[in-house]
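The structures come next, written out as structure tokens.
Both of the next two complexes hold chain A, though its partner changes from chain B to chain C.
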Partner chain A sequence: MAEVRIEGLTKYFGDTCAVNQLNLVVNDGDLVVLLGPSGCGKTTTMRCVAGLERPTYGDIYIGETRVNDLEPRERDVALVFQSYALYPHFTAFDNIAYPLRLRKTPKDEIERRVRDVAEMLGITHTLERPPGLCSGGEQQRIALGRAIVREPVVFLMDEPLSNIDALLRVYMRAEIKRLQHELGTTMIYVTHDQVEGMTMADQIAVMNQGTLQQLGTPTEIYDMPANNFVARFVGSTPMNFIPGALQKENGKTVHKSDQFVIPVSTEMADRAAELCPGGVCTLGVRPEEIRFSMDDEGTNQARVFLLEPLGSETILDIEKEGLLLKVKDVAATQVREGDVLSLSFNRFHLFDDETGAAIR
Partner chain B sequence: MAQTEARETAATETVPLPVEMAVQEGRFNLRKLLVVIVLYLAAFWTLVPMYWVAISSIKSLRDLAHIPPRFFPTDPRLDAWVTIFERRILENVYNSLVVATLATIICLIISVPAAYAATRMRLPFKFVAIVVGLMGLVALLPPIASAIPLFLLGSDLGIIDEKYTLIILYTVLNTAFAVWVLRGTFMDVPMDVEEAALMDGDTRFGAVRRILLPLIFPSLFSIAILLFIFNWNEYIIALYFVNSMKTMTLPIAIQAQIPQHELDWGVVSAAGTIAVFPVLVAAFTLQRFLVRGLTFGVASGQ
Partner chain C sequence: MTVQQTVSPLPGQGASSANSVTTQPPPPQGMWSELFSFRDNRLGVILIVPSLLALILVQFYPIVYNFWLILTSEKGEWIGLANLSRLTRDTIFHGALIFSLKMGIVVVPMCLLVGLGLALLVHSDYAGRKAIWISILIIPLMVSEIVAGMMWKIMYHPTLGLVNVPLTALGLEPIIWLVKADTAFIALCVVEVWRISPLAFLLLYAGLNQVPRDIYEAAAVDGATRWRAFWDMTLPYIRPMFAIATILVFVWSTRTIGTIAATTQGGPGRATWNLSWYIYGMSFQRLKPHYASAAVLVMLLMTYIAGTIFVRYLWVERRSR
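This part shows the complex of A and B:
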């Protein structure tokens, strides 16, 4: 068990900067998800922790040890690959036993520990088979077993669920989280799937273009995105963005766009005056934070042009003068396509157009 | 299990007629008939000379000289075989075996790490391209082009007519080819699997030995067989570097059976049969490996 500390990590491949000045502390026993689109440097960061890549600059500590110059085998870190990377010429048993054999563990202990892990993962029946004869889900568990069996100080997971079908994925992510809780081992989990990140993480580190955008609990990331990238990336129905500018109207500050006039609280207006003197900013609001009424009064009116029933809820696609908004409503919605709604904006964020940073 | 049984029965069946093979799912298929006929012709074309050599070694002089040629000996005899063994052909077989085997093994010991480095290490692309390209060039060079300079070098060093000289030369001449083919084979094995071994606590050397090499063993084996056959058949270099019975390999020994006067075809044929034998055995027992090895490295896109 150990914490992982990444200080000023920078990694170049030739002239390409994959990771830029990354600082991140993963507390002992935490499950931290590195979340970001492909090419954002999350896998490179993880491979640097694993020892498969050497940082160009910066330091990585596991516990109190600086591991920059240590080989992977000296770091006591286990990695589950996206492709599972099982050894096709070994049986499942030998796959799981391999790390123990390398550590010269006594034979009967290997036998016992492999069987224990297999039982924990429900793959006892596959042990005598080569991985090629196991299903995708079983291969996944064998790969997990190989990582768990040697009780490493840190688990690294590189998109381990992206190759199995959607249904199994929902179960496996809960299972990995449960395992991590039971074992209490620090875990760094890389994914581009924000739902996976939200459901599993103690802390999420959102990355883009090699830099850390925000580090926080899933709730913090969702409710208080640090910038418009995080706001856009997190949330299964994406956040709505309304470009515009802050103006004074009748002594009150409003966010005025081509389509809407949205009142802004004095508190927020004060912060905006300080942080974004020009006042040019984009308003971001989550689909569930837009309220609406069917009466055709009020300033902010718009027409529904499409309904997307999702079973548990319905997404209303609303259009006004070229701006598209998505609004969440209950499954049994009264709204029909073509209806005109009057909108009010419950909780929203303002993002400085120049920097993209949230104003708060 | 069912697969191996099917393969065994197929192997023990008699050769089917082209017309039989052309019937597919109960329907006659003209295209297939043509394909089978062409294949039969190709097999015939290849096998008849071998049959001819083998049969000539037990023919009497009358049969050998008979016109039109006789496909079956009327009066088989073993005179030629007695003669060839009297001329100590087994010593030549021994020389060939030693030279071909050692050259193959040393060549693999050199080319496996070289090919590994060329595929796995993050070397500048240009560097790899130049080195591997140059090596490919050596492989494409006709051996006769290098034979004379090599001979001059060898005689200056005083290492003509030594088995180890042949071993060194064969190793050098085959390394380029071996690296070339092995490189393709290594590229077929995903990097992940090796990295998994590193993460599991293995050293790089251990990962190669325990994971990579076992995975490519079939290709490695077939490359070894190919190299062995190249070495076994090599003639041009040996012609320059062999001076005595001490180093004489089979191809040179066969040629030595052709005297100035009075050529005994029976003896030459017997020597030829001996030379073909190990190659045939290798090809038949390992044909599954051989076919896979040749395509395994090349068609990595599949």
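This part shows the complex of A and C:
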């Protein structure tokens, strides 16, 4: 077990910069999720840690050792590939046993450890089969078994759940988290699925275009996004954005847009005056933070044009003068399509239009 | 046909089909009856017939005819297995058979080694424009046996040939390659390796391209050196290609005739007679095609046995641990 320290990691492929000056510390025993859209550099970062790519600049430390010049086999990391990369000509048993064989582990110990791991993952019945005859979920667990069996210092997971069906994915993400807790091994987990990131991570590192956008616990990332990219990316129903500017009205600061006038607290107004002197900023509010009433004659009124029932809740699609808002309501909503609602905004964020950074 | 209720074992499908009574088609009666049931496959059968006829004409007819030749004498009389029993006493035939096998035993591993080496080089990241390399490397395949033989005959020329240039440069006596039995054997093997190894190269290169890249990465992370990954990943993966290459190289090298015709003409003496040369001489020079047909049968059997062995030991997937 060890801490992983990435310092100023930069990786170029030709002229393309895949990772740009990334600094990241993964504490010993933590599960850190690298989260971001495709092409954001998260997989490249992980491959650099595994030793499958050589950093253009920067250093990577595993424990106290600088591993830049070490071969993958010398780093004692285990990697679960998105494609699983199982050895098709081996049986499941041989797949799991292979790393142990390479370390010249005694035969009876290999037998014991492979059986233990297979039992832990519930794949004992597949051991004599080649991976081609196993289901997707079983293959996925064989790949996990191959990583677990050698007790590496760091686990690296490259979107391991993206190729299995939705039901199994929900089950497996809990399973992986439980395993990681049980084993206490440091894990770097790459995914583009923000739900996976939120549910599994001790810390989430949100990446975009090769740079780290924010590092924090899932709650921090959700509640206090550092910029509008993080705010937009995290959250299963995305955050609503209302472009506008801060203005004084009757001595109070409000965020005024073409559609709404939203009062801003004094502290926030003070911070905004400091950080965003022009006052041009976008207001971001999560769907569950918009309150509404049907009878009130408030200022911020808008019409519901679509209901999206999800079973456990209903999403109200609200439109006003070209601006679309999504609002969460209970499943048994009283609202009907065409109703006019009066909205109030409970908790919201302001993002500087120039830099995209959150004002707080 | 029985009407029965299907209850799907899968939870997702169970809900939709459990309530409805559905008819189920009868299970198939086995592969052969399905393949040959003319009613279902009328078009298929009709489409196959022309090529089946062509196959019978060009493949089976000569083989059957060959058997007829073996069992009759040059005058057309039925002589049973006399031709075959005569072969067992024919020392020239024995020499030719042994020469063919010797050639196969030397040329097959050499071709596989050279082919694999070239395939690995071209497949590696160091080879830039792979298409150019491939088209250069397969030139020998395009050259006919006779032309290859002629070319190498010039190369082996005691005074003019390229092969002797390094020897004379070192102050050694030039070797007169084609007039001594053992040097002639070596010389012929070299020609055959030059001529046939591109075939092994092509097959093994195709095999290498089938190996998914990610299993090498997995092996590297799991702790395998490059050498170990080659043994554990590459070789098992290209085993079927190895088997095919082995069979084809064996067949090509044991039945070669153009190379011998263009270089040694079977000489010195009968030192470089192989089976093909023997069969050719027996049927077209000594005009005994019926007797030569017996040798053809032996050649066929040799190829068949070798092919079976190669498939059995190379092609079969490794399942045990």
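Of note:
Note that the second predicted complex is superposed on the first by the 359 of 360 C-alpha atoms of A that agree within 3 Å, B and C clash if a C-alpha of one lies under 4 Å from a C-alpha of the other, contacts with A are read in each partner's own complex, and residues count from 1 in each chain.
One rule holds for everything that comes next: a contact is a pair of C-beta atoms (placed from the backbone, for glycine too) under 8 Å apart; a residue touches a chain by one contact, two chains touch by 3 or more.
Given the structure is predicted, the values throughout are model-derived calculations rather than measurements.
Superposition of the two structures on chain A leads chain B and chain C into a clash.
Judged by the touch definition given at the top, the superposed model places A:R112 against neither chain B nor chain C. Of the two partner chains, both chain B and chain C are touched by A:Y98. In the superposition on chain A, A:R303 makes contact with neither chain B nor chain C. Of the two partner chains placed around the shared chain by superposition, chain B and chain C are both touched by A:P72. Of the two partner chains placed around the shared chain by superposition, neither chain B nor chain C is touched by A:R178.
Counting contacts by the rule stated earlier, residues 50-52, 71-73, 77-79, 81, 83, 85-89, 98-99, 102-103, 146, 150 of chain A appear in both its interface with chain B and its interface with chain C. Contacts from chain A toward chain C in the complex involve residues 50-52, 71-73, 77-79, 81, 83, 85-91, 93-94, 97-99, 102-103, 130, 146, 150. Contacts from chain B toward chain A in the complex involve residues 190, 192-193, 195-203, 206, 211, 214-215. The part of chain A that touches chain B in the complex is made up of residues 50-52, 71-73, 77-79, 81-83, 85-89, 98-99, 102-103, 146, 150.
Residues of chain C touching chain A in their complex: 212, 214-215, 217-225, 228, 232-233, 236-237, 317-319, 321.
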